[in-house]
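Below are two complexes that have chain A in common, paired first with chain B and then with chain C.
This part shows the complex of A and B:
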């Protein structure tokens, strides 16, 4: 049925929106990563600009607060020579009672070419993609617990940069998986790229058994989870979840599932440690690991800009 | 008016009748089924050639959003939708705005429906004042005003002492309490717990939300002897619990919605808000168990679970969309489709939307109980005449309901529904007449 077609691909299978990594052809994922590689050099130049999106208007629609992700999207769009308009919607129109789709209709009328959307509800970017004008492209910058595809792609870029090939890799994703859109995007991307084993590690309140159906090995023991891993992706534990029905305390979580140098020794000697940021030192990750030799947390940030440039330039070049 | 329904195939699940016969109607009652007296002077003839003449449908769960949305003319449009769907009686839950907890509200609603004379309307009264779960309503007064039972709608009582008292009080008078089994705490998610909800990042409602509430209710039925109707089961484990309760002889009945009978969580697709329903769509295994339960009589009735949802209430991210869908006009087609696909057959498919629901209502229907949901000479002339071979694609914008949202839209499902209603009679009055041709097919 029409409505069941993957809404982020056009009839030629080309990417017109980036809503989720799930269901993307491997060739599209690889194309994004390869394109990001060519943009990395742009970021090292004195004049850090290419004219690919000149004259285009990119609207950053952040229905949920975020400084970091919004900034990296803004930098990426500007380096592509786009005009960037930042709208902090959490504090404007919806506060006045305007509906999501009315906001979108109004912004479309301002000749927007691309919406970069963050929303607290899973699936919101799908609704926007369905209802905006056909020439408008939508990039999901994080929706609820569902997806954060550019983070997933920059994580893949980072892994490929340090490990080259996915086929033999054991990747452990550790922490609050149930609430994490990053974890879901990473899991889909790793499956598409053919990682040998994907592990989801954490207590049962944060790592549901249903994840097995996404092709994941579920581990409720940190030792089992990171033993012989090539890549360890630590997730941020949100403050509001540190004590309550999900966990008794941040301290107990750190003791069982925090990444210390001692636990890291269980992984492969050349393992890399990643984190989508911002990190909670002493909650999910020890400072000595975050700042240590295995950590690639800062390269992730650098690659993030190139990956977002790649995504925006590719979808802007494809028609609905 | 004297009406003669001619040349149709009369199918009546209660008597098991299935034969070609004319039906003669006078003064709101059926005077003859076959063997129409030669001197019967029909003022109106309805050609039912090629059609099934069945009892009018009885829908145990249809929300009309009145009181609440009177200014949008909801009652008019939704009762017209009922008539177009062959529904001649419907039961509406008390979660209106305000809740149906005062006799005056119930009388006003019944009065307004009667004036429209499209469909019989049987309200459920609120079990507790304002559905707040703290103070009992005046159930005897509400019954006098026209309530056929008492319900908490979606507002589960988590105070078990209060629930027990409510069941005791209702059973004092022999009133049936209608409860949708869902634990208040475990029931807070927006999709069924499972791999789909996990993958989409939607909060889940585990099966335990239904089974825990069911066990609590069933235990209190044992204690109080109250008669309880369990609304809109959603899980295989729920069906099993009801089957066991019936085998034990507990005075319980149960229903399932057209949505849970035909759909499962996979149908959510890419966050389709039309699939945002309560109870949430569960796994294909649960759906299959619900179908089996409806076939073997564990579940007594199939309900439309109709709720007209405005576009602005649905065009929202999945979790924020108002749960519910229009269903009155689809009830017959989806009952027939289930009868065909499951092998349950035409008689059973019609039974779950006619005789079954009437048995659930029982004595609350008063004198109507003897003939509603059935075709009986001397009984009320509530009829549904439909063409079983006409298949029609569901086009939401063509629905008479003001709610244009249904998970069965042709654009999504790609399948057409069997059974096109040609005429609906309520108390011997034509409440709906469809096109005689099969243009819709």
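This part shows the complex of A and C:
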């Protein structure tokens, strides 16, 4: 995957695609977060648009449906003045048998400047980045179980916003980690930014043991997992990715690993609770917590637009 | 060409001339980074009411296609209504005028000011756009390749840094 050099970076070490947080230099991650901060204010202007991507075409290629993520990318691209074309590929050409690379070649012939790709197969955005024209940039909007880098970055932005510094932080990622590209991206980002302790919390069937090799503390007990945590990232229970008997039932899961006010009291008093959405109330998180004082779930959504604006404007300005 | 620019002496001149052209409703807006330092110090030294604004050119720069997005966390903050405001933009060095063009676009994203003027520490010539400063503490001619940048010491004192061929 990372053969000679990181395919996301040009020879000057500048970001040209965003495919995964894994392997990104800390300076690049920090640059994205700093830049996102400057884009937040665009929401406060009379004119909620800046001209950085004027005349550029951003193609949203969602091979897997996700209305919300697609919408946030669309808003971000439009605030940068790009033309946005949404392709609901799940229901079009691939259904007629066209290969991924043929689809990309066709769309490139329509003068695309950037592809935002969501795909159920891990690695699909890498394949596209390797085969598209040199001036075209690719953003991974979630590939299989592999990575969801913009979600990871917006989570880091949120943590930095509320906690400023990562060096003393205990961060617990809770739930269905084995199926979660968000968890993987968060763990890579937290380790790049130097979080003091990263915990992966969940039942044995949903937390891969090899996370220990990445310096992650694996906890199969919720109390142990969130005790004294500064940040709790709850993951969605991915029913659609679940096959076989990995879980007894959603109710059983909530009893052991659902975040209730009672369990939240084990964390630090100023702990924040995050969730990538959409939330399953009463499955991984209780309503009183999702709507409570510690919840920063809605700020995450707002920050997500600024982070996606930052990523798109940074990569669009760098040449391959 | 041997050029010595005393940034503190020029600042004192700029301060006295700015005092003469502003009223209580005028808003000082400094351009990141050097202009923001100047505007903040002018605001304090002149005992001005309200808050000083800072403005960044990066969202409207015309060299995005060649140079990409400028690094840094400089964000525009205009803690007052821009609509109908009397704005005095402040910058350290005026050269091509491209930063000023970008900053005026940025300003208009926030509203329609009644009046916009520009005060600079040094006008070094080399304009590429029809832009002029209302106030300049010094006017000099410098080779285009030479870089002139304001620096601020920990105690707040200004100096000029010169780089490149003379």
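As a working rule, the second predicted complex is superposed on the first by the 311 of 320 C-alpha atoms of A that agree within 3 Å, B and C clash if a C-alpha of one lies under 4 Å from a C-alpha of the other, contacts with A are read in each partner's own complex, and residues count from 1 in each chain.
Throughout what follows, contacts are C-beta pairs under 8 Å (C-beta built on N, C-alpha and C of every residue); 3 or more make two chains touch, one makes a residue touch a chain.
Since the model is a prediction, treat every value here as computed from it, not as a measurement.
Colleague: In the superposed arrangement, which partner chain does A:176 touch: chain B (first), chain C (second), both, or neither?
Modeller: Touch partners of A:176: none, neither chain B nor chain C.
Colleague: Which of the two, chain B or chain C, is in touch with more residues of chain A?
Modeller: B
Colleague: Once chain A of both complexes is superposed, is A:155 in touch with chain B (first), chain C (second), both, or neither?
Modeller: A:155 sits against neither chain B nor chain C.
Colleague: Tell me the contact category for A:22 with respect to chain B and chain C: first, second, both or neither.
Modeller: Touch partner of A:22: chain B, not chain C.
Colleague: Identify the partner contact of A:121: answer first if only chain B is touched, second if only chain C is, both if each is, neither if none is.
Modeller: First partner only, chain B.
Colleague: Which positions of chain B touch chain A when the two form their complex?
Modeller: Going through chain B, the ones touching chain A are 193-195, 197-202, 269-273, 312, 315-320, 411-414.
Colleague: Please give the residue numbers of chain C that touch chain A in the complex, ascending.
Modeller: 56, 58-60, 64-65, 67-69, 71-77, 105, 108-111
Colleague: Would you tell me which residues of chain A are touching chain B in their complex?
Modeller: That would be residues 1-4, 6-7, 22, 99-101, 119, 121-124, 126-127, 131, 143-147, 178, 181, 184, 208, 210-211, 213-214 of chain A.
Colleague: Hey, which residues of chain A end up touching chain C in the complex?
Modeller: 14, 31, 34-35, 37-38, 40-42, 45-47, 49-52, 313-314, 316-318
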